[in-house]
Amino acid sequence: MPAVEAALRSHPARPTHPDAMSRCIEACYTCAGTCTACGDACLSERDVEGLLACIRQNLDCAAICLATGSVVARSKAGASRQVLESQLSVCAAACRACADECRRHGETHRHCRVCALACNECAQACTEMLAALRAVV
Amino acid sequence: MPAVEAALRSHPARPTHPDAMSRCIEACYTCAGTCTACGDACLSERDVEGLLACIRQNLDCAAICLATGSVVARSKAGASRQVLESQLSVCAAACRACADECRRHGETHRHCRVCALACNECAQACTEMLAALRAVV
Amino acid sequence: MPAVEAALRSHPARPTHPDAMSRCIEACYTCAGTCTACGDACLSERDVEGLLACIRQNLDCAAICLATGSVVARSKAGASRQVLESQLSVCAAACRACADECRRHGETHRHCRVCALACNECAQACTEMLAALRAVV
Amino acid sequence: MPAVEAALRSHPARPTHPDAMSRCIEACYTCAGTCTACGDACLSERDVEGLLACIRQNLDCAAICLATGSVVARSKAGASRQVLESQLSVCAAACRACADECRRHGETHRHCRVCALACNECAQACTEMLAALRAVV
């Protein structure tokens, strides 16, 4: 998302890691979109009854990613910095849990395979954002 | 939110704590609405420059509460149960952080005083939901 | 949501209809929570394959209600006022569409019956908010 | 967002316009992220009092874009198809309104200039998605 990064780079508070932030925001939103599409695709599969846990994890992961993306995009100080770090950890955990579930259906359903990758990339981006935050402090 | 509780009580998976769930969902949404209104009121105050941290915490808290409310409303098993517990903890922490910031402006601005209360109630509801979940496991 | 109304009543811009606003915000969030719970309950029903359209409408309605609730909570002027009016119209339409679909399953599933009522109440609250806005202009 | 498009392309209901859908979802999320970052940057500007309308439009536009992105990602039939079309129209209008406001500050603030572009791209993507939907019907 070059637009997000460009906006962050002209932010008067000069965020220390505009690149990690914009990668994390993009990964969160891509993961949310992919999870939403995967959950909808699962609903249309003949074996929908075997995909119920996957659909629920898709929806939870999408909700958590959207919130995380928007929290990452705002400046932090003090207590809100710790909230950001905790939210990034939960987001990474939600993405890993969703990736694990999607991978179970990956041989049968391509959308689950694709979704597992997007979830893993988002978990990775959240982890790198956390590392960047901690390196600064 | 009697409607949410009634929907949960007729859920075929028979959630073990429909009352704690619906109280938590209601508290999350009430907190999100109050934080959104408080942040907008802060923007209109003459001393907006002294309220910037409050506005940002309001917006983060609202985003986290909306995601948490929707995650609480879905059935959980296995790994997604742990994600729920972590998300509830982060939501409680975000609400406490926002309440602390709002309280600093509570003498001057009634909306901040009201918002601190809504945040504290949401933190409490998330904590009680967590206790209910752990009692079952 | 007395907290939302209290926050709006102490807003320095003195919104003209804090009561209609807070009722609308509450109805949007209650509808979002009920739709989320209803969609999850539908996923657990034996006849899930007959409820796919209902689940999708529940999820769309919840997403639209959450956005609408947060847009209603912010002050408007000029072009953003028109955006608010259009968003309220779409929200009312989404709620009516979801209520119609839920009602089709209302005899069999209590959560669908409950959800249809919450959707109708939200459609009504959005319509009243629109009327209040237009009366002022 | 190649992941979103790949998920849509393996959707068993075979959406007729996976390319327009994924472009629209990506534009909605990019716009939401850019608006969130721009609003936060505005809060840090010395002339924050001249940017209040911009901040509010950023927040409204972000909320509407996130909801629209998730509604676009789900299959539609019947009444929910009309809700999708209306939501796309409102999203395009919200983006144009936010772009107009941002452009007013574009000479002074680069983040507003960048945000106006992201808003215009999203308005365009929503309009193209609408055209694709209507061509099919």
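A few points about this structure:
Order of writing sets the labels: A, B, C and D. Residues in every chain begin at 1.
We take it that a contact is a pair of C-beta atoms (placed from the backbone, for glycine too) under 8 Å apart; a residue touches a chain by one contact, two chains touch by 3 or more.
Small disclaimer: the values here were computed from a predicted structure and weren't measured.
Between chain B and chain C, the least number of touch steps comes to 1. The rotation relating chain B to chain D, fitted on Cα atoms, comes to 180°, given as a multiple of 5.
For B-C, the matching interface among the pairs B-D, C-D or A-D, defined by over half of the contact pairs being the same residue numbers, is A-D. In terms of C-beta pairs in contact, A-D outnumbers the other of A-D and A-B.
One inter-chain figure worth recording: chain A and chain C are separated by 27 Å, centre to centre, where each centre is the mean of the chain's CA atoms.
Spacing of chain A relative to chain B, judged by their CA centroids, is 21 angstrom. Counting only residues that touch two or more partner chains, chain A has 40, 43-44, 56, 59, 66, 70, 74-75.
Interface residues of chain B facing chain A in the complex, by the touch rule stated above, are 53, 56-57, 59-60, 63-64, 66-67, 70-71, 74-80, 82-84, 86-87, 89-90, 93-94, 97, 100-101. Looking at the complex, you find that chain C touches chain A at residues 40, 43-44, 48-49, 52, 55-56, 59. Every residue of chain A that touches chain D in the complex is listed here, in rising order: 1, 3-4, 6-8, 10-13, 22, 25-26, 29-34, 36-38, 40-41, 43-46, 62, 66, 69-70, 73-75, 109-111, 114-115, 117-118.
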